[in-house]
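Next, two complexes with subunit A in common: one pairs it with subunit B, the other with subunit C.
Presenting the complex of A and B:
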């Protein structure tokens, strides 16, 4: 029933998009973007899941398996776990840049409301 | 409480400005439906591993001596991807430095006193201050590292403040309980961060290790105040270390191109799997990544904390002060 995870990721992404589209508070827009990032993490980790599999670690295999059988056996997809690592780092970087831009906008326009930013025009 | 009665919750809802709720809801629902339809066609959790994943499982031990295929992918098979990601992180750090840069040249991250000087002068300086206000102002000046002529010098460190000292409390550091707890936890956390990078399942936890070390720096800052960390956490030092880590990554990857004929190829001898030197350049890459991520996150966070009070004057204010 990994499909439930996929649908949860789709729902999370849509909630994040809804927040980005409808909120006028820019901090909450950044929070919506973070939510969309979190949806991609959930999606990729779910996509890596295999039914009845073990972790892709060759150090001390579970009982009844050897390192060699594990290489050809039933393990979770390590490539997608690597994608998730990459996505986390990029998510942190992007959020930091967004937040610093938001603080600068707030200092310049004295508001966090994106509609009022458009009205003031510096 | 009846729904019509304005309570604190209703007030909070009233102040939440939104923008075209229904258009947003329709678009988000459309995205959800499209994604849901697409995801119904994804391979199930019984599908065979993709070829690239099986390849990584196959080469992890023989070619890299790594017992953890995820690590092998990060620093080996998809090393070029990690290389690009590192420099995306560096680009983000540079952007944050550029955006948060204050108007004055910056020696430390904390320039509040200089930036707020104009506003402080505006409060009536001629008004006589009573004893408690004088004490509070002296404490504030002490926190801002600019003791006035009549102030007695504050204690050099928060630890030198005797217990039970009456107010004004300084906001510089946390209480003695928190400071002691953090003193206990710090070495454990620092060692745990380095362990993630050096050992773990197999060497190569540079990314999480760097994040843990940034957490250590933040704990020190929160517990002991900025004066205690200002000597270490300053842009000149952190940015130098960050670029040192980035240079180490470039050199590590380029040496693969020069010595082995392909970018990010392993050019170091392999140690036995599961030891600290196994993995060849993966360990070198991961250690550089530890430096890069640790200092990069610290620079970003402290640049955001130290953004200062560079407020553009209000229109009312600018009229009074002749504009800016």
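Presenting the complex of A and C:
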């Protein structure tokens, strides 16, 4: 079951990386990076999962489980989920900065082709 | 002051600049200069608190503070820990003091900007310095990732600060792509370590890892090193560095080169020495390879540059490489030399970039081919540039001499002949590059007069003089600085067990470490003299020949395309992981 998650994360990462390495359109590069970001979240959430575990919310246990069983064990790891929450917030900010830079580049250079925006080289 | 009081002060050096960053844009509405002045005061406050901590910490104490009062229970650290060891405190102190000097320079050079620009500038500037101080003091892997991201986000803003200059946008795009890739790498690396060991505290990870790191740990360390190497500007992760420096204003160059790179180096060094330990994984060999590659590549690329800021930026890559070489020796002389050179680099590279910034401010030019004859026209900037260049070349009694001799003796102790020769070669090339720049920009006679732009103001001069004085003081009092500051810092890195137990216990002592250093060592003086002669000859030769093949190949590899640079970084990440996993 959980193997599917890892495979999906690997596939997303590869697609995103392919876009970053081969697409010259800057919007597509940003999209590729967003895909890679999503892959890291999926990977982390899958790492947090333990077989048969429930969500790490300790308010009222799901049917068939007591509060005691939740405290002592079978919940998904909340720390890794917190990792993802933090990273999602940062990721939103980074994507916003990214897109605003791309918009300004498009205004100045009248192109989105990263190959035509390389005055700085060598 | 008691240890408990010192420990309770520990979050303040980060909290003060963070508060300053929030208030700066608000104050800028009243007066744009006020925002920078308050930021300057915030930096000074942060430095003052760090100075209060300094006597105890450099006396060999490690002081920890559990944020939110989440104390460790049964050897498990529950919250984020800040721990001041001599190494972290040294870098934090350098960041706060140099940050204050850079803000003074900013006030002088950019004080006339509009309130929105200057408010945003002061905010981002302080965020970046807070991130460097936080990364230096934290003892928590995820917290380190957060400081990495804080530094990254503020660096995007500062890189694209001159929004009306298209090259600033181009540079901002490249740094965004590369740093975002690096952040994924750090994020996944940290997550893997947590998933394996259920711990984020450096102390707990140290106990779980030191000596018996498995294959998954090797992959995680590879990801972490690759991510932080991007921030440090090590080759092949350096694609963004030169471009960003070309486009940004002088104080921002100095901030990036002197302090933001230090964040990457501090993170790598902490992970390698204090978390993973240097035994087990072939990590020192990897650091040596990264350091030598960066030192040589940065030097060669610097030799070929026409833009003064770009030249200095490539030189940063070279100097960070040399710092990493020092750490990669793993012995006390080399590690103390690495710490020493990291601090020295912050001082002399800030000095060089501010001198270049003053030249740009006064003449409106940064191309060496358009400059010349500045020695007569701008004596203070020339003196600052020459002082910085001589420090990098390692001329006694300047600061570079002490740190470079220590790194050399670290390499010789372990009979690492080939790295030693390559290090010397990299230094000669770097010195030649700076000598060429000094000749073309400052001493070469120039016929026509410049169209003078702005004046050089007192704040800029004060900044240049204080950084120059720092370079001289850290050289002239070398043995004293080494004994009081650098040797304790190296002791903390070489005794990771003591650091780990101090983080768990709330405070602890480090053993004293004696690092021998002979100021007048004849062998070292002869090697300095010879390398200066060879460097002068190389610079002279380089001005007369057409570009040699290796330089052309390397320049052609720096295509300026974000796709290519991302490709280099990914290839580098895979190589680093493969080296740790299979070597």
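Keep in mind that, in the parts below, the second predicted complex is superposed on the first by the 112 of 122 C-alpha atoms of A that agree within 3 Å, B and C clash if a C-alpha of one lies under 4 Å from a C-alpha of the other, contacts with A are read in each partner's own complex, and residues count from 1 in each chain.
Everything that follows uses one rule, which is that contacts are C-beta pairs under 8 Å (C-beta built on N, C-alpha and C of every residue); 3 or more make two chains touch, one makes a residue touch a chain.
Because the structure is predicted, anything quoted here is derived from the model rather than measured.
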Which of subunit B and subunit C A:26 touches, first, second, both or neither: second
Superposition-derived comparison: subunit B or subunit C, residues of subunit A touched: B
First, second, both or neither for A:85, with subunit B first and subunit C second: first
First, second, both or neither for A:104, with subunit B first and subunit C second: both
Subunit B versus subunit C as contact partner of A:93, first or second or both or neither: both
Overlap of the subunit B and subunit C footprints on subunit A, listed as residue numbers: 17, 21-24, 47, 77, 79-80, 86, 90, 93-94, 97, 101, 104, 108-109, 114-115
Touching residues on subunit B, where the partner in the complex is subunit A: 16-21, 23-25, 27-29, 31-32, 35-36, 39-40, 42, 44-47, 49-50, 52-54, 56-58, 60-61, 67-70, 72-74, 78, 81-82, 85, 88-89, 91-93, 95-96, 99-100, 201-202, 207, 273-274, 293, 297, 300-301, 303-304, 307, 309-312, 314
Complex interface listing, subunit A residues touching subunit C: 17, 20-24, 26, 29, 33, 36-37, 40, 43-44, 47-48, 77, 79-80, 83, 86-87, 90, 93-94, 97-98, 101-102, 104-105, 108-109, 114-115, 117-122
Subunit A to subunit B touching residues, read off their complex: 2-3, 6-7, 9-11, 13-15, 17-18, 21-25, 47, 49-51, 56-59, 67, 70-72, 75, 77-82, 85-86, 88-90, 92-94, 96-97, 99-101, 103-104, 107-110, 113-115
For the subunit C and subunit A complex, residues of the former touching the latter: 142, 146, 149, 152-153, 156-157, 160, 163, 166-167, 169-173, 176-177, 180-181, 183-184, 187-188, 190-192, 194-195, 200, 242-243, 246-247, 304, 310, 555-556, 558-563, 566-567, 570
